[in-house]
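Structures are listed in the sections that come next.
You will see chain A twice below: alongside chain B first, and alongside chain C after that.
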Partner chain A sequence: MRPFGYAAPATVDQAVGLLEAEGSEALAGGTDLLSLLKDDVERVDRLVALRGVPGLSGIELDGGTLRVGAMTTLQELRDHDGAIAALPALAVAIDGVASPQLRAMGTVGGDLLQRPRCWYYRRGFGLLALAADGRSMVADGDNRYHAIFPEGEARFVNPSSLAPLLVALGAEAVVHGPAGERRLPVEALYRAPQAAGERENTLAPGELLVGVEADVEGSRSAVYEVRQRRALDWPLMAAAVSLTGSGPRTERARIVLGHAAPVPHVATAAGDVLAGQELTPETVAAAADAAVEGARPMSGNRYKVQLARTAVRRALGRAAGMEI
Partner chain B sequence: MTDDAKRSGLSRRSFLCSGAAGALSGGLAAGLLPGDAAGAAAVTDAEAPDTVGPGPVEIELEVNGATRRLAVEPRVTLLDGLRDRLDVTGPKRVCDRGTCGACTVLEDGRPIYACSRLMIESAGRSITTVEGLGSPDAMHDVQQAFVENDAQQCGYCTPGFVVATAALLARHPAPSEQEIEAGLGGNLCRCGTYKGIRAVVEGAGGGGVSGG
Partner chain C sequence: MADYSWPEADRRALIGSRPARLDGPVKSTGFAKYPSDQNPSGLLAAKILTCPHAHARIVGIDTSAAEAMPGVRVVHVIQGEGAEIQWAGDEVAAVAAVTEEVARDAVRAIRVDYEVLPHFVTEENRDGAPDARAAGERAEGDPDAAFAAAHRTVERTLGMPQMAHMCLEPHGQVCSWDGDELEVHASTQAVSTLAGQFATELGVPASQVRIRTEYMGGGFGSKFSPDRWGIVGAELARKAGAPVKLFLERDQEVTVAGSRPSAFARIRAAADEQGRLVAWDSDSWGSGGLPGTGQTPLPYVFSRLPNRRLRHTSVPTNLAGSRAWRAPNHPQACFLTMAVLDDLADELGLDPIDFLDRNLDLTGRADTYREQLAIAGEMASWKERWQPRGRTREGAVHRGLGVSVHTWGGRGHSSNCDVTVHPDGAVEARIGSQDIGTGTRTIVAQVLAETFGLELHEVRVSLGDNVYPQSGPSGGSSTVGGVTASTRRAAQDALREVLVHVAPRLGAEPEQLVAGGGRVFVDGDASRGMSWREAAAQIGGAPISVQGRNPGPGRLISSGVGGVQIAEVEVDVETGVVRVERMIAVQDCGLVINRRLAESQVYGGLIMGVGYALYEEWIPDPVSGRLLNADMEFYKLAGLVDVGSLEVHMMTGPGYDERGVIGLGEPPVISPGAAISNAVANAIGVRVPYLPLTPDRVLDALAGRGGPA
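On to the complex of A and B.
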């Protein structure tokens, strides 16, 4: 690793002040950032350590609202009986991070804001991985794990384990910055960069994700991840669903794909298919087909379209408590 | 020293000492020139925390029960600091990217990848490596069970597996199949000694191996 400075703020305001300076980067669990620094993919002048900042970690279940601090570790969240009982799908999403070491170190904020796993990015070719002649190394190269919903030249996938579920639930991100606090839907944390040097998140310099807040009452939710193997790795495809409505009919369905697009992919058409419908093998299959409408797979990832259909179908089955 | 400073393992005094040493070794001009941004910020904003490094910073941490003091650059990982500076070579440097688990140590009782933690982040905390679990003369139950079940081959992954197994058994003294997979999912063995390691853990239910 190249040399860098290190500051350990005692408050969120101090952290925000330090992060405003160019070349400063927030250090949470470190499991992603340190690898990027070792590989010289990212460079920093100073790390701003969030570990000792009081108030950034903790879990609160207040009525139907779950609040989780950004520095809460995945294991702490997994061990919180109240949170897991209120939102069983969380356990599936967290257990997918199949390493106790990563669960003990990795944080909720770090999971949401980890950098893409695209191997071109990880080899230093940038998020868009454009060759000198402007052609896409991803489109021309090995794209087996890349997006089936690319946006412009952004062809990597959002790697977060928690984001699809949080987006399906309509959760909010709480962000502190130089201008104070702002709240935004979790999906608004993300964007597909279109120019070299642009990031895949919407946080401005000095802004810090301090926590997430989700309404966990009144909906049935589920996560289904498709994996190449059971051992530690990112899934090939993931679907999260959240269903509201009493009785057999679904009032509203939110269906979100992970590992499918540069951002958590909200499959609006799939949700629309289920609005006002009863979940049956037929309606579920129709929703799964709708979820991949408009998919534009590349040379090596056509299989992920079918994985997306399957993930949606099985997530819906889990949420509805039926075998599909 | 305040309680906070004690816990952080970084005293204001050591901040100042390391800052001075850095300025001297890095050339007198560093940090002293008018207009130097970092220097100016330090003077005008008493509230802002110090930025230490990139030179060595004095820290204190507990390793296998002993208090250790050393000066490390912020970029030094816990793994490299343990191995290269403190000569604690049980944790192995294999992938160095938080995947293989050969560097697994306990930090305040929790299993972590020492390669993916900056040593400065462990200041004020308690680290247990495979050496801290037991010695060749007085092996920890898990270490003894690894021997008895022939649960190692080349041995490179073994120290990490032993620590991860101890952490698993401390949480789940008689782990289910699912708990074993979840508890050891962060360690890899290229020799394929998983069968022996599973025997170690499964022996735990009836056989007196424990994480404590």
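On to the complex of A and C.
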């Protein structure tokens, strides 16, 4: 592990100040960043430890609004009866992280901003994994776990367990930076990098994710993950849905795929299919088909298109409380 | 000549019972110190720099930056300028430093220039292989005529990839020199033979090399030699004048420290109208890395099948050479054979157990298999629950049952054991064997205590040190036979010596005396006896020490076992995810010394078996030639929640006990791949041709038939 500095700020403003410096990186639960450093995949000049910063952790349920601090651990969120009662799908998303150790150490902010698991990236070939001749190692190599909605040369998948659900809910991210606080839709935290050195999130230097806020009333939501193992394993595909509307008809549906694209993939067309419709096996199947419209699987991940369809159908079924 | 034998069933106090593993408490509390836990004073940490290319030539190497780093003690070049590297992960240089972190940073500071050469790492399609070579062809009978006359024929192309041993304690050792005496705490399966190998490489007499392995964290066939990192570790320690700990990093462990060869084959098999196998034709290939592979023993178990033709092609790849993996060649041969036979049974419209039963005379152990198939079938309620393929579905989830049979030898290896009886009654055994997690320490103690009529805690067993009498490497299920036979012979001889001293005091002949229940007494008249302590006191001032050997007189061991396994699975045909619900294993291994540990061996085999059936595979990158899953994230092992319910039936009693002790490590790991694949075929109605049975492969197989509704 290359030598690096370590700072333990006492306030959010101090943390922001420290993070403005080039080569600084925020350290949350440390379940992944330390491995990246040990493996020499990433290098930092200074880690800015967030654990001692007051105000970054906590869960508030205020009317229909759920606020979760970025340093809240996954287990703390899972153990919060109010939050889980208001948003049962959270339990499914968190339980998908099938390791007590990771849930105990890993944080909500860390989950949302964790680095991709792409095995080319993890072996030091970079996020875009372009060979010297400019060809995509992912496209030419083994891409069984990669994106079915690649964006340009970004072919990795966003690995967040919480992002699909939060994006489906229309949740907001609260970010502190040198210019103060800004709020943005959770989906706007992400981007697909197109050049070497670009990150997969939109935070500017010095910006710190401090929490998320979601409106948890008036919608039915669900998560379905396809995982090969019951033991700790990344989902092969995940779908989150959020449905609004009273009575049998759905007013608005938001359908989001995880592990499908370099960002949480908002399947707009699938949501549109359900707008104003009753959920029936037919409309659900049509939405599932629409969710994979435009998919561009590679040599080894065509099966993920079917997994996406299945995950959407099953998430919709769960949200609607019906067997589909 | 003295008689050596196991006690009759009604005279066994410990043999065949279920005592818990003696070292269970120290292992589960962390008090047991494994080789990788050894931290002698002044210890340095060593790390190895490996080649990132699958095929390359070293053009230049510059270690100056590493040598200049604070905390670095020794930099050692393993392969220098001009060396041709044949696989990614091959060792290039090593560093010993004051901490692991410094050692890691230092190996990264070594600059190596490579001329990158073309590589080949994906042997599944052998047509692309640059160095594929014919590796054997043979025929018996008249296969062409037999196929022409057959009632039903199936043809399949099947296969399973290379996979890793994935020892939880990586390969490695702690080396300490005292002058020109070397002590190695090694994670090894071969305590008694390792010293000679270190000595030859290091140029010191073997008598000056001490090997110690009190506990170790798994080998599975991959830990029989010092390996390059062993010799390098010893050289670093010698140069540094300090003890050096060198254990592989996880990615190195996965990449270079052990793999099981792949096996692929296009197979035709045929049966007559009575469901009797009449012809076999297989064209197989596979790779064990750079050395390629030898012929897979086909057809497996049903080796007396008439009219067969076998061809094999060895496919070298730019990957580290394979090592013996628990039951070498058998899991591959078993899967290739049992999958084809299962498909043939389906083609014939026969229940696969019935089909196997009709052909048992083609095996070497028909009676055993018939009995085991009946028991396994009973345990699975097979007759009531088995249905032809593809008929048991509830929505997207289909259920299936599959069966497989296997065989193994398991004869005890060469072993010597010293047994000492002290005048105070203390009894101990010293044996240069190793307990690789199988329970060898406990087994030896049971034999010892049984022979002297003592409780398990009243005897002492010392192993895992090459100062003790030579005992063979733990491979091929040979340990339990070897160590129990040598221990029993020594213990019986030592007891007879004690009895000679005791007999006059009891007014009896030595041959009339027996030891049991903590006493020595006249057989048939327990009132004429004395306590074991009193008996031992009769030997005088000096202890009695006797060496027992295997092989040796008396029928204590034999070899040759059968086994039947049944898998029950659920397959989600919309995701391709396979869940093992239940595994049933019926297994014989002659005389069972410790039923709990025997069952534990079978559980372990089943768990590893579920692993390679569903999850485990090396994934080499065709582009870079590196393994993409040299980690524990995408190299997936079965978790305990993934293995289903495991049910084990050990065959014991008349017909088995009198065969003596036979090894058990390998057989239970052979059938799971075949049984689980057959259960999946039964569930979804189509063969998934490759292991592991991952969702993509399951969905591909289903799509070949039009896919799920």
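The rule is short, and it goes like this: the second predicted complex is superposed on the first by the 324 of 324 C-alpha atoms of A that agree within 3 Å, B and C clash if a C-alpha of one lies under 4 Å from a C-alpha of the other, contacts with A are read in each partner's own complex, and residues count from 1 in each chain.
One rule holds in what follows: a residue touches a chain if its C-beta (ideal position, glycine included) is under 8 Å from a C-beta of that chain, and two chains touch if they have at least 3 such contacts.
Since the model is a prediction, treat every value here as computed from it, not as a measurement.
**Student:** Return first, second, both or neither, reflecting whether A:231 touches chain B, chain C, both chains, or no partner chain.
**Tutor:** After superposing on A, A:231 lies in contact with both chain B and chain C.
**Student:** Just to be sure I read the superposition right, which of the two partners does A:14 touch: chain B = first, chain C = second, or both, or neither?
**Tutor:** In the superposed model, A:14 contacts chain B only, not chain C.
**Student:** Using the touch definition from the top, say if A:38 reaches chain B (first), chain C (second), both or neither.
**Tutor:** A:38 sits against chain B and chain C alike.
**Student:** So in the superposed three-chain picture, is A:179 touching just chain B, just chain C, both, or none of them (first/second/both/neither)?
**Tutor:** After superposition on chain A, A:179 lies in contact with neither partner.
**Student:** On the A-aligned overlay, A:49 touches which partner chain: chain B = first, chain C = second, or both, or neither?
**Tutor:** The first partner, chain B, only.
**Student:** If you stack the two complexes on chain A, which partner ends up touching A:1: first (chain B), second (chain C), both, or neither?
**Tutor:** In the superposition, A:1 touches chain B and chain C alike.
**Student:** Looking at the overlay, what does A:30 touch: chain B (first), chain C (second), both, or neither?
**Tutor:** After superposing on A, A:30 lies in contact with chain B but is clear of chain C.
**Student:** In the superposed arrangement, what residues of chain A touch both chain B and chain C?
**Tutor:** 1-2, 38, 98, 230-232
**Student:** Across the complex, what residues on chain B touch chain A?
**Tutor:** 4, 8, 10, 45, 47-54, 57, 73-75, 77, 96-99, 101, 104, 110-113, 115-118, 120-121, 164, 167-168, 181-186, 188
**Student:** Could you list, by residue number, the parts of chain A that touch chain C in their complex?
**Tutor:** Those residues of chain A that touch chain C are 1-2, 38, 40, 98, 117, 119-120, 122-123, 125, 131, 137, 140-142, 144-145, 226-234, 236, 300-303, 306-307, 310, 323.
**Student:** Flag every residue of chain A that touches chain B in the complex, lowest number first.
**Tutor:** 1-10, 14, 17-18, 27, 29-31, 34-35, 37-38, 46-47, 49, 51-52, 75, 95, 98-102, 104-105, 230-232
**Student:** Can you list the residues on chain C that touch chain A in the complex?
**Tutor:** Per the stated touch rule, the residues are 101, 104-105, 108, 395, 574-577, 579, 614-615, 619, 621-624, 626, 628-629, 631, 633-634, 636, 638-642, 694-696, 699-700.
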